[in-house]
């Protein structure tokens, strides 16, 4: 197993970061903070005469890193009841790589498993984050990624997630399971 | 009534653009193509010592334009079962303006009405776009915008929307209603 | 094509009945009013030693009728944000017939197409009925029925649906399409 | 605190029953097995000249019991991606009691809190049960019940829930919290 955490938050040391660190404590993994990278929005050339163009940003480097890992943590605060724009742009750009001859995109994706961590605040994210969970499910189904599980945490201010015992317990449970399977 | 259409597509002359033109045919309105503007992702400073910073892109100009209109069309292809990253960044940046003393953000928003146009393809968007419709509902409720109605169209290639008679009829119906209310 | 409308309302001449009559105007079809029939809840014997038992109510007669038709209208008011208990019991009882050797249940279901008509009132059913639409989608996927389309109408008092021009137009559109395909 | 568990399953000793027993272990509570009661579907008389009629079944007795408790567990297997018909009929009948002068229905409901336990199997209920969770949220909002939390378990055969460590942990967590608040 090779684990990568993709953090969509626009600030460091937030509640989503706390939860993913809990889930991956003492487990070898690669973390990518999208806020430290520039990811331009997709320019759709699917129906143009020309092909998709090279884009001058950090995306290809991140995408190549992404491909190397089979266990992916998609981690995002609930921004306006969806994933952050940063993370959305990361996923939107898949449309270009789906059509890039250098990769067998869907074949690569089928080997991957995904965990989702979302933290929201008000109205209660255990309900208001459900459309986002459904969206992730559609995304993963579309490309063949297995959707292992998700955590919906409730917090606003820094460290408020420490009060969400249900989210913390689930992060611990993931940690135990991942540890026992990485050991083997 | 003062109408603005906010187009989230990453290409011109697509199916979403066709539908919104149908809905707003012969009606005075302002159109903004997000792809022609640079909108950076939000940098969250809600919990920082410093305030939100000025951002060097097209957002503030677009946002000031947005504020001038009371009837808003949010128009986006279904990208990965959500709104486009461009449109998501437009909305994510509201978080900064919510806290900007120059505006009474929520008071301004309460005066607005929204229409949503989404076009997807596969799996059938009349189901797979529903999480996005629910997300828009949460967004509009949060800031007090009235959610008038939505159209979910089905199309992929350019002009394929011409075959979706249900979406076209609904765009026509909106057009008739908007015309009769703008005349008054 | 052989059409059957299954009406889940607990009263006659309501808004859902109006819409389905509009959609099926001048088209040969069979209507079943669930309120005129007794349908007991399922008694789950999947994990019991004994088999499912015969049930003394109207279900088997209705189910045999149901099997004869390939185009099905599931019509229900939005009761507590779901289908009526009557209609739910009709569907719950499928679990017994899935395991009944007299029928090749899934093979029969795969030949069928479904239309859904829901009418709600408050909060606005174009949003609050979406979980029910998603539930129908899961149901139809599970047994292989094609989900052609749905109408969500807004009305409360008798005949209030006459004010929902969008729902009426869509019922008309279905009527035109069904007529042209039944003629052939 | 006065706790009532309302079990919608059509068989005893199933996985939902296991989970609710875990959550309420060593805590005083009243359990109602809907399968042991007859609950007829609602007959809608909202728009009739006559009033709602008395119904000859077990409902009124159950409803009076329901009113006595402030903490409610709605427990149901995922039948066809919704609550069981038995439980749906229980809730549908609220429509009659909303209009019954003997009760101040909404005032009574506002004092209550709800927990939901759902167990499904395939496709994975952590996604396919979400429309049902959203439906419960609409129901509780409509009448003013506070929606405390939900568990979505995954199991099919008897006792298979023992393998769902995430659901079991959450039931334990509820148990601890309820115990500490009932002690006070």
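Read from first to last, the chains carry the letters A, B, C and D; within each, the first residue is number 1.
Heads up, the rule we're going with is that a contact is a pair of C-beta atoms (placed from the backbone, for glycine too) under 8 Å apart; a residue touches a chain by one contact, two chains touch by 3 or more.
Just so it is clear, the structure is predicted and the values come from calculations on it, not from any experiment.
Considering every other chain in turn, none proves to be in contact with both subunit B and subunit C. By the residue-number overlap criterion, the interface of subunit C with subunit D counts as same, with over half of its numbers used by both chains. Remark: subunit C and subunit D have CA centroids separated by 25 Å (rounded to whole angstrom). Separating the centre of subunit A from that of subunit C, both taken as means of CA atoms, is a distance of 39 Å. Computed centre separation for the pair subunit A/subunit D is 34 angstrom, with centres defined by C-alpha atoms. Residue positions 130, 134 of subunit A are each in touch with at least two other chains.
If you check the complex, the residues on subunit A that touch subunit D are 124, 126-127, 130, 133-134, 137, 147, 149-150, 165-166, 169-170, 173.
Residues 9-11, 14, 35, 41-45, 47-48, 77, 79-86, 88-89, 91-92, 94-95, 123, 128, 130-132, 134-135, 138-139, 142, 157-158 of subunit C touch subunit D in their complex.
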